[in-house]
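Input: structures, listed below.
In what comes next, chain A is part of two complexes: it sits with chain B in the first one and with chain C in the second one.
Right, the complex of A and B next:
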């Protein structure tokens, strides 16, 4: 039980900006996040999974709980003893939609996805749970292509803890896009492991901060072997007194020559009170690699505003268009058109609602 | 008040406290095509930016009236909605905003109502045909990764859809190959005959395809000479030296 573990010190990098004490569930009585599979035309099933399925990796080879010293993952495992398993085999033409509905004081869900073939999965997280925990794990088999879209539209008063652990096989591609707009306080710890040559990870992350929303995304990409590639684009637009923290940890193991990795964090500050920190971190132990990272923060570009206004858009509409475009541009690394379209559509709906309210 | 579509009188303007325009006088009537030529730094693009209302420029003296209205009383988007259009020399990229979405919203803003989807598609296709543009343009992000020629075509596409009453085209011909230049010229020529056009250019080649009624020469922030299309031909042949003020 996680309660047996001590709270991580604020000196622990992962919890420096968002202490666990802010994020831990306050009520031990939990309900499961209700998972409903849509539009799968009978070719996909969502089944109860074995806890053994969950491959949790911190830095080394694959292991499972309880060998990992990670309080968030332990807490999620303790609260959800009936994880679900989504098995995807063959080529899926249609997007596989899974609704994740979080209700009650504490709602938690664990989902393991395996892919042998090609699929686009849309996980839509919604509901009004006071605290929501989500653990996503998965394996992309050799030569497979999996796109996972996560749209998080939890109630604005929810707290959210999300952990991901993904493993990518030989000549396989895993791409994932996250639209983070829900919950008032969020901590995400997303880890991706390239286990075999030819593996490719592409990540797009769009974060919209409003009011006093606090959003902390730790994204880790670990190249265990060479001739693998990864890209991460994180675009954050913060308004009001919201705060965002984005950490990109890129690890390239010794001997992983031929790795090609790039990370970029961009922050768009929409108000004086907003704050966004982007912290790319590189641990490169191989010699012959390409590893690029960058971070930039700026306010709205006056020249872009002028250009749009010269086309008849009012100042607010022009600013809204720039913000929407900026956030949508985070999904540029994602090749699957359906995945990009899904993210874009949800983003448009969110921003339209945000403007109305 | 003068009766031109665009009336510029004794216009002085500064950017970062440096005076660029030093008394520009220019009147363009509906249906007229004017061209302004001049050396780099003469103030041609500044004039276009000031008329469109770029916030970096300050009018310190003189006036700009469009259709009888003092333009300084209008915000940039209000100028656009009243029928003023600027084709930018260096159009800005808007990453993440698809061209199709941008065009639809822009047309809706200028016309005051959203166009019917089917009619707009047809209108858009017709305009793209004039410019020889592929539909794949519509899903790309505005000016993001565009070549110089693609940017200029997109500017003219916007002009065709917005159907301005007064179009300011700032070096729309620069960086275009022959085929692209012809396409852009065709686009300009297909603008309503009641519209006024101000072409800012360095070269006569565009003016062979879009024949101006009046050619102006701007030097050091002033229009110092005006004439017919033959003036552009002489500038092409002889340069600007013969127009330069004598120095002691």
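Right, the complex of A and C next:
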């Protein structure tokens, strides 16, 4: 279907800062992202999913004309013919680790996760694919609690397109944390739907830009019914000549009274050549709601640097420590301690090897 | 006014309309010939005629914006609009010389009364051209020029040519192109070096004819170390067919100068209000927009400031009230181009009876703008479940030393606040009115007192029937 679609113009909001022409795969021959499940308890299975689990566009009937906003989803569906399904039932004490290994010129993976119970899933994306496309979809059943941690450590010369579509049921909680440090150009379009009362979505996003890395995260949260809650915290640290774009689109439908939603974008600019854009958007069609957003941008705090250096740290170490604390703070809204620990550990490993400014 | 007319006008306070007395009225529709005829009628210099023609072709070629309220934008029939209508022969300087029916309209708006009391000068624009213009003698003696734009071009072409179309070029957007092609009237102000205009100067714009387009062009230049406060108000009667108001306002604050531009827009609910307003602030200059949007069917207006010189400052305070059938798509833009520039943006909106308010903002820090600071606050109140509030702010930061903050919230009137006021003896409607007035207070306190009280009265009228 994507081949019939024209490239979205630069006026299309979703593709304004990162045009699709920058992100589209250059060669249709693709390999699958190899998915390896590490489950010590042996209680989880990763199988090829049936096609009905994978609607290309989650929110809307398939019969409507394709929207240019969904061009990435259609492209991924065209390229990946063997999507996988991870089914989680019951209470999982251990973190469920899935390695997503992207190799070759173009690598594509689609993974659908269903959760009935409680689980923490760690998706670790790595490899040296020139172009990597990933579509994550999932459903959190009524009363369930799913935490999904995504650590992206693709090779620094990779281009990455990621699409997410999550549906959250009654009294269910979906938490997700992303550590985005890999790839030299990235576009993420992450959409979350709160379908029933009592649903709760918590999102933490930490981005580190170095060199000429370009990272564009578009995060949508749709409150379709009332008495649902959501929070988004995006902390971005940009060094070198990197650029980050963070867009938060929070939509509260008519009648969704009792919604409590908030989002915060914080940008830390570490060098003169870095650039960070924040676009936190609200669309509110119900009146009895609490909806707020905030954005801030600043450089490293001289007082904090001075304090750490007076304790014997060098300027680089002091800056690295502040950046680590700042990025790790994005994961604070995530309640699952295992999920937070996983993200924090990967962040520490990354910053040990990375250039901060 | 007949009962029938009164029924048609409804609650709109300024919905009266006088019989239309036109001395020159162009046929509806737009063509290069219409543009040339407007220019010829005004005996304009050739450069202006050619600029108009170029702008006209740009307008024709440029597509309609594909963002904002596209369905309303695309419903505008540019061929059904009258692009020029002259109500009076020439601009009068004595109020007694203004034609009786036009004077009656402005008397009802209270303009001469206001002028006598405290205003520095007044320009009243009725349809396409200014009908009355006055300036206090002491300002004239200090060299302050306050003219309608047509007279400004005629009497001071060298100043107009230097600044016109520089802050907002006709290529900026479709409606700035339309305005540049067919502009008529508006204000021209030049404040010489070091002169401080203590009293605010005022202009009033009114559309009386139906299917009328009003395309005023305002240019204000505050030379080094000077200051001025300009106040603009707009109304139109209610007709069953739509009118178009598409103004362009250019402000230039030279080094150390200060311009404050206050607007209360209360167009009736059939007016498309598509306005481009932008100021340039040179070193240590200040540009302030105080912008109130109460009326119109669709407003798209984003007052902007380009902070071009080191130490320049921008201040934008705006309020929007979106009632039934209204979409107030307003916001602000600040571009920090120079080091140590600062800005503050405060936006407040209320949506009621299915109205839609949108804040659309842009805050940009360019790489050379070292040490900038900015704060943006947007608050929205929703008074019922049928209304809608959107916030689309954009922050683009290209310099690491910038210190920026943005915060926004959407909420309804808190039950405990209503309860507190009602326990003091207020009815629910009064309590709600008090809370709304308090919500807008950061805006009203920046207005001259008479405008503040006018705005509060307007809000009271609009708030009638808000309960139940």
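Quick note on the criterion: the second predicted complex is superposed on the first by the 337 of 357 C-alpha atoms of A that agree within 3 Å, B and C clash if a C-alpha of one lies under 4 Å from a C-alpha of the other, contacts with A are read in each partner's own complex, and residues count from 1 in each chain.
Heads up, the rule we're going with is that contacts are C-beta pairs under 8 Å (C-beta built on N, C-alpha and C of every residue); 3 or more make two chains touch, one makes a residue touch a chain.
Only a predicted model underlies this, so the values are computations on that prediction, with no experimental measurement involved.
Enquirer: For A:257, select first, second, both or neither according to whether it touches chain B, chain C, the two together, or no partner.
Expert: A:257: touches chain C, not chain B.
Enquirer: Given the touch rule stated above, what does A:90 touch, chain B (first), chain C (second), both, or neither?
Expert: A:90 sits against neither chain B nor chain C.
Enquirer: Just chain B (first), just chain C (second), both, or neither: which does A:282 touch?
Expert: Only chain C is touched by A:282; chain B is not.
Enquirer: Which partner chains sit in contact with A:317 here, chain B, chain C, both or neither? Use first/second/both/neither.
Expert: The first partner, chain B, only.
Enquirer: For A:13, is the partner it touches chain B (first), chain C (second), both, or none of the two (neither)?
Expert: Touch partner of A:13: chain C, not chain B.
Enquirer: Of the partners chain B and chain C, which touch A:211 in the superposed model: first, second, both, neither?
Expert: neither
Enquirer: Is the number of chain A residues in contact higher for chain B or for chain C?
Expert: C
Enquirer: Pick one for A:325: touches chain B only (first), chain C only (second), both, or neither.
Expert: In the superposed model, A:325 contacts chain B only, not chain C.
Enquirer: Touching chain B and also chain C: which chain A residues?
Expert: Of chain A, no residue contacts chain B in one complex and chain C in the other.
Enquirer: Give every residue of chain A touching chain C within the complex, in rising order.
Expert: Those in contact with chain C are residues 11, 13, 254-255, 257, 267, 269-299.
Enquirer: Quick one: in the complex, what on chain C touches chain A?
Expert: 66-67, 365, 367, 380, 382-412
Enquirer: Across the complex, what residues on chain A touch chain B?
Expert: Interface residues on the chain A side: 301-304, 306-315, 317-318, 321-322, 324-329, 332.
Enquirer: Quick one: in the complex, what on chain B touches chain A?
Expert: 52-55, 75-77, 79-81, 85-86, 88, 91-92, 94-97, 102, 105-106, 109-110, 141-142, 158, 162
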